[in-house]
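Multiple structures are listed underneath, in structure tokens.
Look for subunit A in each of the two complexes below; its partner is subunit B in the first and subunit C in the second.
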Partner chain A sequence: MTYIRPKFRHPDLPKNDLGYTTREYEGSLSTLCAGCGHDSISGSILQACFELSIPPHRIAKLSGIGCSSKTPNYFLGNSHGFNSVHGRMPSVATGANMANRDLIYMGVSGDGDTASIGMGQFVHVIRRNLNMVYIVMNNGCYGLTKGQDSATADAGSKSKAGSVNPFQPIDLAGLALELGASFVAQSFSGDKEQLIPLIKAAISHPGFAFINVISPCVTFNNNPGSTKSYDYVREHIEETGKTDLVPEKSEILASYESGTGTEVMLHDGTFIKLEKLAANRDPFNRMEAMNALRNARNRNEILTGLLYIETETEDLHHTINSTDRPLNTLEEEDLCPGSAVLAEINEDLR
Partner chain B sequence: MPNSKVNDFVIRFANVNGTGSASANYLFAKAIFRMGIPVTPKNIFPSNIQGLPTWYDVRVSEKGYLGRREGVDLMVCVNPQSMPDDVLSVKSGGYFVYDCTKALNPALIRPDVTYIGLPLMEMCLREFTDPRQRQLFKNIIYVGALSALLDIEFMVLEQLLAEQFVGKEKLVAMNIKALNLGIAYIHSNYAYPLDIRLERRDLVGDKILIDGNSACGLGAVYGGATVVAWYPITPSTSVVEAFETYAKKLRVDKETGKRNYAIVQAEDELAAIGMVIGANWNGARSFTATSGPGLSLMNEFLGLAYFAEIPTVLIDVQRTGPSTGMPTRTQQSDILLAAYASHGDTKQVLVFPSTPKECFDMTAEALDLAESLQTPIIMMTDLDLGMNDHMSEPFQWDDTRKYNRGKVLNASQLEELPRFGRYLDVDGDGITYRTIPGTHPTKGSFFTRGTSRDEYAAYTEDGRVYARNMDRLLKKWNTAKEVVPAPYLYQTVNTSPYGLIFFGTSTYSAEEAMDTMVSTGLNFDAMRLRAFPFNQTVEDFIDTHEKVFIIEQNRDGQMRSLLINELNVNPQKMIPVLNFDGMPITAHAIISLINKNLSPTLNGSTSKILS
Partner chain C sequence: MKPTDTKNPEYFHKVVDCQYACPAHTPVPEYIRLISAGKYTEAYMINWESNVFPGVLGRTCDRPCEPACRRGRIEEEPVAICRLKRVAADNKDDVRAFMPGIPSEMNGKRIALIGGGPASLTVARDLAPLGYEIHLYDEHAAGGGMMRSQIPSFRLPDDVLNEEVGYILDMGIHTHFNTYVSSMNEILEKGYDAVFVGTGAPRGRDLVLPGREEAGKNVHVGIEWLASVAFEHTHKIGKKVIVLGGGNTAMDCCRTSRRLGGEEVKVVVRSPFAEMKASPWEIEDAMHEDIPILENHVPKAYVIENGKLVGMTFEKVKAVYEQGKRTLVPSGEPEVFIEADDVLVAVGQQNSFPWIERDSGVDFDQWGMPLVDALTHQSTNQRVFFGGDAAFGPKNVITAVAHGHQVAISIDLYCKGEALTERPAPFTNLVSKKMGIHEWSYDNDVVNDQRFIVPQAEKKAALSDRKLEVELGFDIQTAIKEAHRCLNCDVQTVFEKDKCIECDACVDICPTACITFTVNGEEAELRTRLKAPALNLTQDLYVSDTLPTQRVMVKDEDVCLHCGLCAERCPTSAWDMQQYLYKVTKAG
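Moving on, here comes the complex of A and B:
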């Protein structure tokens, strides 16, 4: 971790459409270990929000408990954050989203927080297609309690102390696909070039957007024999293709060769551009995505990139037909039926 | 006394669950209510959908006693399963109405009980063809027979049926036919009316008949709740169902057809309370309803809401514990769990309604209290109040009333503030200012957490800062004492060395017990608790009485423990008066327990308690 952050900023730092520099998107200093993959993901989230010119106060950050769940403190300091209880971030996010459908909900969780204690809530937030970004910083171990295996640790993976994990891993991306998630991506904390566009696309997606990010634990799970170490992941990554997000009204850059990419138009007019898709990859086909993921696993490869997207998707507010206005802005005149109606109700009860 | 049994008796219906008896029995109770006579119906039902015995008690009381009373004056038994026990529960001199299509087992005949046989099955087979109708109208026929035996005004029944089946004249006609079958059978076979009977009175006034859960749901609509998250559990389920029913009528935008509310059925109680906390954190009024097992599950989140200071409203409809206990029986046994919910030093604000009117008022008030105190408010109702119909004062709403949203800073206030401190006690009352996400682009954001933090919401492991925050939470607790519903005192000055303390559904029977004991020369002062934390009035009441009887419905005297623990009073003077068999406490039980305690005193010196 870095203890000192210089106050000085280059006067010519690039500005986004709001006139903000990345400074407006920074958070507190990270207290995670130096080299932690999670810090890179935080940086990617920050960069994605900056590039999309999102006013920081229009984002709410939510997390559970664990190393990953500490990170919302380390990015977007001008956004409200909520570090809730272990495994329960999805429910807090659901309530928050119900209260105000106009904010962007950035959920951050870990493999312990999601794949073990929080599995029930993870499953059900997908089922409801809550409009949120759900990032799992997946390092295959419990960092804060000093390196126990998590439920995403691969069978046969060796811990730092040398013990071999005997249990099958839970594949969160595969599970999200199976459960009907409308956006599923997988990435690696060390690959910002891939991760930043994926986060941007996830933010623009109008339903539940899941990104499973392999994020090595430098202290407890970066040893030889671990399948979530930097070296192992770098050697076993298999990209589905390149992803880029083109904001609404932006010109599509000429550098994209026509015919090599797939453009995905999102609900808000934004495009996701998928370049150099691997052969036989179809991001709109759930079955194909599940197969590709499983096949990669069988080859001991980690398939990364946008695995699946459903552009026409209806979120929970749509399902329950709640008002277009944020519920937290409704006042007495919208909410209280008044004494005359109450008198009628009384009369019916006599 | 020839008229002693007019408007003063208990009728019990013994039915089979799932046979449509509930609406017929309700028709019977409502008719008595419409005749201006105080009535208390209680559904005693199994944890079952179809087939097991279920009972419906209707107490009629000219004196207006609304608590349960033991002893059945007239039993309507249409359930052969429970017949042997049902015969035994009839008071000597009482009546046993049964289906005489099949001959009664001679072993069930008691010489001190009058038997009234109605060939219900035979009449139904003769008069109706549809199998479902044959079953349903059996119930209406016995209501007809009772109307003849007890003098229920036929016009009242007719009117109630017309209201129930608006636009379904054919159904009304069939129901009336069934009623008449019962009436005609009594007229030609038995002497009527009985000595226990009804006479029209004007004792109901403008009161309404409604269950507490419906009142809570309606109170939440009026109180401005917009986000409701819940997990089904008896006996709380009907709170959210009532909210939804009323909201569908009263909260849908006429132009767009969209809802000014959101209800999410969660995957469990953990998620339900998490959603409520998330919504309240984000500035929407939100609540959930549960019962004991759900409250156990919600403990972790309640600690977060207490420590991170997030408004939360939870309606706990208590049932018989521990564990799954008796899910369809009542108790007041979650008091201690709720009061100190979650690990670490926590104290939760509780409110105790005792009538549907209070369920309505306190739900709306709880939404105000949660936001003004920025803490969970747990409403402690119970199965008896929640799922039974009660005669209640009518609901009222002041149209000038504004929701108390508490200390929430808006964008312009933030603009003027040199530095925002989420946990900074600016006003000295322990309640700090909060901001809602999305308010201001660069000011007022903070990190909400269950970990220790300083006044500016920054993480800290500095013990002094932690302790300062915990002390401030206590200061807030003291502030709460003055704003939560005050206890109700039954007297302006003490008149007895003995005091009674009760709350919630123990109230009806406690009041009846007091009334009865006064007539035998025993006088008590009394106080009805309406909230925790306890204020000075509670402390003074206990201090100024030699003995205090705490009437409650659990085994361990939980409210007594809470009073002793919080007010540091002498346990010796705090006498528990308990009932925990799952049935609502009776005045009779209260009187005998108090007498048992006072009898040595009575033998020595009676002057002290004689009024």
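Moving on, here comes the complex of A and C:
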């Protein structure tokens, strides 16, 4: 008779360093179709933020338009949020980040919002290396308008109505690599064990972190012949390796045989631990990542996991040498330093 | 772990914690739903079929269901199951039309029931409709046994008891009241096809201490005193009363004393307060009637002055716990003297079978208890069966009823010459509650209300009238609100592995983190790796067969709210909410 989430929670829910349970990271009840991959990604974002013990008010969620862009309402209900114009999430994110660099920016977009209407915005935010997490919930169709093929639908993929897509897909991960993104990963909504650590690593990455997540549309694109269905993706997944994020304070206990694992230290002292790397995989080599991605495509495989990471990266604030403090903390004396300073500047320009 | 066998009737039964804990396995959520739908008669009949005395039990049951209630694990208090049962009984219409009919032609078998308490009456209720000729013997003038003699009227009004005893006696039972059966052999000689002994635990323990003899008639054995009040032989008691003992009988004694002239009534117990055997609500009610409870006082002597009881002395002790065993050690404080005109001894009761000859074929153990089969209730004399307190020692009404049902099955099988160990399987039914999108044919909205309090009669009025019922029962509005607190644990989450596409939607939506998809393992280890640790070992894990990703679905039943969100969220209906009805099969 009802579809209301009860207020009761498990009495023994684990708590994070802040003393919060996952309850403090929940949002409203999802209105997406039952079984939508996007809900699993929402759950993974929630879990990643919980595990990293991020105070919810330190996060800003940004999105455009589409099923994917509705999801920020369904996680992190105590965080900031901005549901912007179709395809324009990167601009809003850029503005917000420029104004307040102390927040964590979580951009959520879809294949339509990113690969079609928002393509121009997408490529420029990569170029600028804005410090944000950019997650594409990629289902290969326009679910909100009844499942037309999107720009990421694979050539030859069959729609629910039976028509075959004649166009080549845009490979968002490949594009991000090509444009110089400093963190590129690919994952699957149905594999939380892989996705949660990737989101944690992306949040910890000090530049633009892109995760393309294949997320089946149960209503319009989960049929036989589709290359974005639960079954097809599970059958064609090829993992680059296992990723885990080790917080700074944890001791790294495991040691790996050479060639099977590696650890990457991030700026804040946390480590990304990469295990069981596939043979000849080097996550620090952009060319190699692009090749691996292309080779997997040629084999009709979907390469998932962390594809590329550049640990010594400089984000947009660094590049344009902007102030270290959020704008809302600047006082009058910072903004109007007085005639002596003005005179000094004028002197420099003579 | 092996995949859970949900075909085993006990698996889903165990999920319905209240029903599982009830000795008679009353389908609790089913009747609570009927109450919230205003169907009191139907709710009453579901109860009547299982526990025979809904009106009595709705006031006096020991409520093993309530500590088991799942609601008590997700918030403070369980659903007031017992008092909802009373709501059904108080608001029902005439139910006589729904009582089982008695065949016009009897089957020729004659059964004797010794004792007119809840166990015997249950046997009668199950066997009379099958055509047995039932002869019921009781030493008192009316049926009901301890329900009449030991439960005071301010907790259980006579008319409620008379009505429910009447439904059974009206089934053509041959009653032999005011008839004390003094010989088992005599009964056996009368040629009954089977004899049932439901004589309870009729002997209250006396407490023999220095001064007991002199104190004489001012010291009373609790249950005997309660019986003499119930049958109107006793009408008053002294102003100062000591009640010894910490069980429910002690609570009944002290509260009855307050109504018969006792002004300073004290309950004195040996043990610490927290370990008293009485039900918490009965202790609460006694304290509400200004009856102090003194803990850690061990009685030493009755104090006599001028040949008359003036009080008792007590030694103060403290409880010491060593290796899980408690001992009471003197605290060294001086002895305590408490004044008293009368002392009521309620320190336990015993079975007593002076009337069963040792050559009757019924064998007894070294403690004087009959040798009775735990399953069939048959004694060493194949024709003689035991149930209620008489079988395995003092328990409670609902246990006696459960025994009665089992004895009826045994007697029926015995009279047909069939094997008594071949018990009938329970009746079970599992049916989907899905109506459509976001629509279930049960109320799956989990309300946040705390337990509602049952109103009571004004204290002054209650204390001045022994027969005035203290608890007034829920009014209908409150009853419906309380009924909505029920989580519908009988509406099961049923998982069909072959339909699952492993989209995780159920995992994400479950408010109480019950569901996990993970690789299989041994139970103890698996319990640690779930989304929330499964620490309650009394609650099962529901495990599926291996899924295509080589994982299994594991659901911890512990704090599932049965809200149906997993099934709402499931795109393939791999989860469904299905109502499970479990009924203990009756004789015949």
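One rule holds in what follows: the second predicted complex is superposed on the first by the 326 of 350 C-alpha atoms of A that agree within 3 Å, B and C clash if a C-alpha of one lies under 4 Å from a C-alpha of the other, contacts with A are read in each partner's own complex, and residues count from 1 in each chain.
The rule we apply is simple: a contact is a pair of C-beta atoms (placed from the backbone, for glycine too) under 8 Å apart; a residue touches a chain by one contact, two chains touch by 3 or more.
Remember, predicted model here, so these are calculated numbers, not experimental data.
Between subunit B and subunit C, it is B that contacts the larger number of residues in subunit A.
In the superposition on chain A, contact is made by A:Pro72 with subunit B only, not with subunit C. Of the two partner chains placed by the overlay, only subunit C lies in contact with A:Arg9; subunit B stays clear of it.
Contacts of A:Gly120 after superposition on the shared chain: subunit B is touched, whereas subunit C is not. Shared-chain residue A:Ser159: touches no atom of subunit B or subunit C.
Contacts of A:Ile320 after superposition on the shared chain: subunit B is touched, whereas subunit C is not. When the two complexes are overlaid on their common chain A, residue A:Ala34 makes contact with subunit C while staying clear of subunit B. Of the two partner chains, subunit C is the only one that A:Tyr230 touches; subunit B does not reach it.
Looking at subunit A, you'll find no residue that touches subunit B in one structure and subunit C in the other.
Residue ranges on subunit B touching subunit A, taken from their complex, read 34, 206-210, 218, 221-222, 224, 226-227, 229, 250-251, 253, 256-264, 266-268, 270-284, 286, 300-301, 304, 394-399, 401-403, 435-442, 445-451, 458-459.
Across the complex, subunit C meets subunit A through its residues 73-75, 438-440, 442-446, 448, 501-505, 507-509, 511-514, 532-533, 535, 548-549, 559, 561, 563, 565, 568-572. Listing the residues of subunit A that touch subunit B in their complex gives 24, 28, 55-58, 60, 62, 72-73, 77-85, 88, 90-100, 102-103, 120-121, 123-124, 128, 316-317, 320-324, 327-328, 330-332, 334-339, 341-342, 345-346, 349-350.
Residues 1-14, 22, 29-30, 33-37, 39-40, 42-43, 189-190, 192, 216, 218, 222, 230-231, 234 of subunit A are the ones that touch subunit C when the two sit in their complex.
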